[in-house]
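The following pair of complexes shares a single chain, chain A, combined with chain B in the former and chain C in the latter.
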Partner chain A sequence: MKLRPFRLSLLGLSLLIPGALAAVVLFLLIYSGQAIGFNGLHFLYTINWNLGDLYDDPVQVGNVQVPSGANYGILVFIVGTLLSSFIAILIAVPLSMGAAICLAEALPAKIRPVLSMLVELVAVVPSVVFGLWGIAVLIPFIGDYLSPTGNGYGLLATSVVLALMITPIIATTLLDALLQVPKENRESAFALGATHFEVVTKAMMPMVRTTLIGGIVLALGRALGETMAVLMVSGGGINILPTSIFSPVSTIASFIVGQLDSAEADPTNMSIRALAEIALVLFIITLAVNSAAKLLTSGALNVRKRSH
Partner chain B sequence: MSASAATNPPARSGQEIRRIIIDKIGWVACGIGLLLVIAPLVDIVGVVAFHGASAFSLKLFTTVTNGTGGGLLNAIEGTFIITFGAMLIAVPIGVGAGIYLSEYGNNKLGSTIRFLSDVLTGTPSIVLGYFSYIVFIISLGWDFSVLAGAITIAILIVPYLARITELALRQVPTAMREAGFALGASEPTVVFKIILPGAASGVVTGTLLALAISVGETAPLIYTAGWSNYTWNGKLTHEPIGYLTYVIWTFIDQPFAESHALAYAAAFLVMLVVLAINIGVRLAIRRTKFV
Partner chain C sequence: MKFSKKALRSGVAALAFVATAGFASAAHATTTLVETGSSLLYPLFNLWVPDFTAANPGIQVTTTSTGSGAGIAQAAKGLVQIGASDAYVSDSLEKKFPDLLSIPLAISAQSINYNLPGVKSLNLSGPILAGIYSGTITMWNDPAIKAANPGVALPAHVIIPVHRADGSGDTFIFSQYLAASDAAWKAKYKFGTTVSWAPISGEIGAKGNAGMLAAAAANPYSIAYIGISYANKVAAAGLGEAALKNALGAYVLPTPETIQAAANSVVTDTPPDERISMIFSLGPDAYPIVNYEYAIVKSDQPDTTTAAAIQTFLTWALTTGNGATYLDKVHFLPLPAAIVILSKTQIAKVQ
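Coming up: the complex of A and B.
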């Protein structure tokens, strides 16, 4: 076979992408190894995150050094992550369905590009600016009008900000799908005497259902890993499970950022290793969700092509 | 909707009236949905522009931050340097990978790279940041530094660049490649003289969008770039650096009006860059389907 240096060098460049991904997984795995051994499965279902006494002499557990009294349990953060993302989806789905249907069917084609661009622009607002807006506008509102304690930081604020951040993902996915529904399907529904809204809900939506679900799962993947906005409005609840929608929470992603300073003070580095283990858990969760989204959306595309 | 009403006899059955009412309610609900999706964006831009613009002064661009206030010189400079460094690393890799995927990637290896590239895109940025922290800061001992921050952002944007480049190159007609080869051009000549110029607008689009992403990122930098109140002294490692998004995050939590003004000013600058790029790109390529 002829050696093709040009192709090979391009291949080398593109292999850097899977290489980077492999390095991320590998280094997180290697670095968290001791923590995984020390924590066992307790890690996933205990709610007590305690760095231990960082100034006392470390104790020997098995063959690793740990600060005395240290215990790492992340159930609170797993619950916070799943719960806030789940509520965010509950808020975002109806909003983005309404927005997409409105854009696809109700508005004249002339103003559609402008409004759909506005929807897309929501997705490019940096996370930290959403957090700023949350602190400036949303938190005072929740604190003044909704929360019984007068404190706006917590699960509700987190979910609302997350919902706003993911609506464009769901809305644009659904809009693209709705615009591709064959004209014949719409027109035959109209010809049967359906109202315009019935055409949308009964003739068009069933055709795009799989794509919609794919978009929702994709949005879920995004919400699970969102960091800055959550960190700024969540209230940072630690070691207590949320009891109401106004309880302070932490998500896995926001907790990792919040713990930087205290983890650096740990002479045994065990808490840094435990944080690497958390990062690994977050990676696995988002990987599973994103793969599911990919399967759903690619499957849906096939269905749509066949129906043309 | 009104056309059907005109042909109907005037007397409507109860069921018909119910259906028409549901129709109206449905549309109003959808309209409210659209309003609630767009309104926060308008409010965010409004709030940030209002507070941010009123905090603007010459001092903002000429002095560095101190604990509670000051200017943004160090943060603006830092964001610029980190972004520039990240682009320097990411653009050759991303564009090269995009060329491979588009020209030679129609095989198992190509789809595997594509899939893993999507996995990297979906990986939360904090996970990438923490990876860089344990590798560059702890294991290699670089301390918080420009290089660690730039590499982390580069890892974040390379998959975007690769996929957008690939999409852009695929729009160049095959006939142009064949014409090049028929004239006896070598593979590099076809790629660099025919395909890349033909897809230049798409590649530029991808680069600009990647730029917007790196200006707006925060989470991966907290663990890699650190923070500094001083302007950059030229060292790539062992020297933390400031950046705009850090100011937004930390200064809004301080109790002083001066700090808040600085946070809004930083947010205003970041939003200005991000929105200008994204609106510009969308207006320029309205008809093509890269984004």
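Coming up: the complex of A and C.
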């Protein structure tokens, strides 16, 4: 057999990324192993998170050492992550559908590229900028006009900031697909006497529905993992489940960042292992969301691929 | 076209060569010290580093603000030469890394700030704050707060406690103060750079001292603990500063005099390894929440050049660096003379 250096090198390169992914998962699994053993299933459905007394002598539990009083329960953070992302999607979907349809149908083709570029630009704004905007503008607004306690930090602020960050993702995906709808479909709908509204809702939207779902899933992926902006506006809820949209929350990603500093000073390393276990949970949630969407819309992302 | 491309390429190569050569020679001539950790010490390091490197061209110092926990952990692992921390190294970590030194560089304090429309002065105590942060005192007109503030019209409004969401030396000092004040707090929440905060529905977790300040300023009826180096910004934001009940029962504000009084009263108690809490130090005018700001350094350094550079920098920080030109800007106070001697003895251990 002939040696094909080009193919071989390509094979190596193409295996690099899945390899890296596998390495990360493997690392998380091995590293959090002790924590998984120590926490058991309580980890997922209890709400008390306590790193324990890092300034006291560690205690022996079974065959592992843990800081005294350490207890790890992450239900609050799972709920915070799912709720904030879900509400963000609820806000972002109508916004981005409106934006995409407006760009594709209502605006003259001349200014479309400029505006769509602006929308795409929003997608690349660093998240810390959204967080700053949240602190400076959104939180005082929520505190002054909406929240009954006057506290602007919490679930609503988090969801609005997330919604702004993911709107361009959904909007650009949808816009690309709308522009791909064959001219014939659109014009024959007009020829049948459909109003502009009917053309969009009856002739065009059904053709791009799967792409829309694909875009929402992409956006959900970003919302679930968003860290910095959330840490700045979420109110860092801990040990308490949200009771209203004004309650402070924490998401998994932001909580890991918030706790990492203290966890590093833990001589037993159990705190960091527990954080690795949360990371594993986040990974599984993201994976589940993505697979569910893939199943729902098998072939959903193909339309998008063609448009590029 | 072909020629110019070639020329371009060789030009780039030449540039790269010069850059590498320059970098290599620079690396030979200077020693780089990496500092990371406390966000409270970070502004001070930023004032120190330009003047220090100007006076010592052979030593380069880089400084980042990551948090006291990271400062301690990375110094322990030898990833950075100097870890900055508001908290000293814990006994349990000291057992694991016996060569880790906690060297005080300056004295800091923490203010308790409140956003109470119409209230100009407020007295608070450790047990009251422990009650607020553990959720047993929820209203501003609670009898305990009223008793401490005769004649002050306290609003019948829910208190919004603000705490740090990230790991922080400020949380360490504050929770140490609460643990020293209140047995129930000590038993349940202990102290540390992160605390498993009580479930209070109106509470806010904020990131960094800047986030604490923003949260307190944006939320009327809130209360927050903020490092003294933010005093100017706290005043500019219109937040009030609470007088705290000290060990002898007097209500004192964090002023240079009351912080100095606290620092002076623990001089004789400070052990050679200088790991001591300054919370509730005795003295009629002593402010209760005062602490040493530490440099966390390993005594065993990989080579003598690095060790010498660390010694030079820390010694400079304790002498020139403890001058009013630097410390006044961040509201820190210089170390008492006896403590400087202890710190210098520790610095000499860095080999």
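Keep in mind that, in the parts below, the second predicted complex is superposed on the first by the 278 of 308 C-alpha atoms of A that agree within 3 Å, B and C clash if a C-alpha of one lies under 4 Å from a C-alpha of the other, contacts with A are read in each partner's own complex, and residues count from 1 in each chain.
Convention: a contact is a pair of C-beta atoms (placed from the backbone, for glycine too) under 8 Å apart; a residue touches a chain by one contact, two chains touch by 3 or more.
Source: prediction; values computed, not measured.
Colleague: Once both complexes are superposed via chain A, do chain B and chain C end up clashing or fitting?
Modeller: clash
Colleague: After the superposition on A, what does A:L260 contact: first (chain B), second (chain C), both or neither?
Modeller: Both partners.
Colleague: Quick check on the superposed pair: does A:G62 touch chain B, chain C, both, or neither? Answer first, second, both or neither.
Modeller: neither
Colleague: For A:S127 in the superposed arrangement: first (chain B), second (chain C), both or neither?
Modeller: Only chain B; A:S127 stays clear of chain C.
Colleague: Between chain B and chain C, which makes contact with more of the residues in chain A?
Modeller: With both complexes superposed on chain A, more residues of chain A are touched by B.
Colleague: So, does A:A20 touch the first partner chain B, the second partner chain C, both, or neither?
Modeller: A:A20 contacts chain B only, not chain C.
Colleague: If you stack the two complexes on chain A, which partner ends up touching A:L95: first (chain B), second (chain C), both, or neither?
Modeller: first
Colleague: Would you sort A:M232 into first (chain B), second (chain C), both or neither based on which partner it touches?
Modeller: Both partners, chain B and chain C.
Colleague: Considering only touches as defined above, state whether A:S250 meets chain B (first), chain C (second), both or neither.
Modeller: The answer is second: A:S250 touches chain C but not chain B.
Colleague: First (chain B), second (chain C), both or neither: which does A:V119 touch?
Modeller: The first partner, chain B, only.
Colleague: Is A:I135 touching anything from chain B or chain C once the two structures are fitted on A? First, second, both or neither.
Modeller: Both partners, chain B and chain C.
Colleague: Report which listed segment of chain C has C-alpha atoms clashing with chain B; options: 21-29, 57-65 or 129-137.
Modeller: After superposing on chain A, the stretch of chain C hitting chain B is 57-65.
Colleague: Just to be sure I follow: which residues of chain A are touched by chain B in one complex and then by chain C in the other one?
Modeller: Residues 135, 231-232, 257, 260, which sit in both footprints.
Colleague: Which of the residues in chain A end up touching chain B in this complex?
Modeller: Residue positions touching the partner: 4, 6-7, 9-11, 13-18, 20-21, 23-24, 27-28, 31, 94-99, 101-103, 106, 113, 115, 117-122, 124-133, 135-137, 164, 167-168, 171, 190, 193, 195-198, 200-201, 221, 224-228, 231-232, 253, 256-257, 260, 269, 272, 275-276, 279, 282-283, 286-287, 290-291, 294.
Colleague: Quick one: which bits of chain A touch chain C in the complex? Just the residue numbers, please.
Modeller: Residues of chain A touching chain C: 48-51, 53-58, 67, 69, 71, 135, 139-140, 143, 149-153, 231-232, 234-240, 243, 247-248, 250, 254, 257-265, 267.
Colleague: Enumerate the contact residues on chain B facing chain A in the complex.
Modeller: Chain B residues touching chain A: 1, 4, 19-20, 22-23, 26-27, 29-34, 36-38, 40-41, 43-44, 47-48, 51, 92-93, 96-97, 99-101, 103-105, 109, 112-113, 115-120, 122-128, 130-131, 134-135, 138-139, 155, 158-159, 162, 186-188, 191, 212, 215-219, 222-223, 245, 248-249, 252-253, 263-264, 267, 270-271, 274-275, 278-279, 282, 286, 291.
Colleague: Which chain C residues qualify as touching chain A in the complex?
Modeller: Those residues of chain C that touch chain A are 66-70, 72-74, 90-93, 95-96, 158, 160, 163, 165-168, 190-194, 196-207, 211, 214-215, 218-222.
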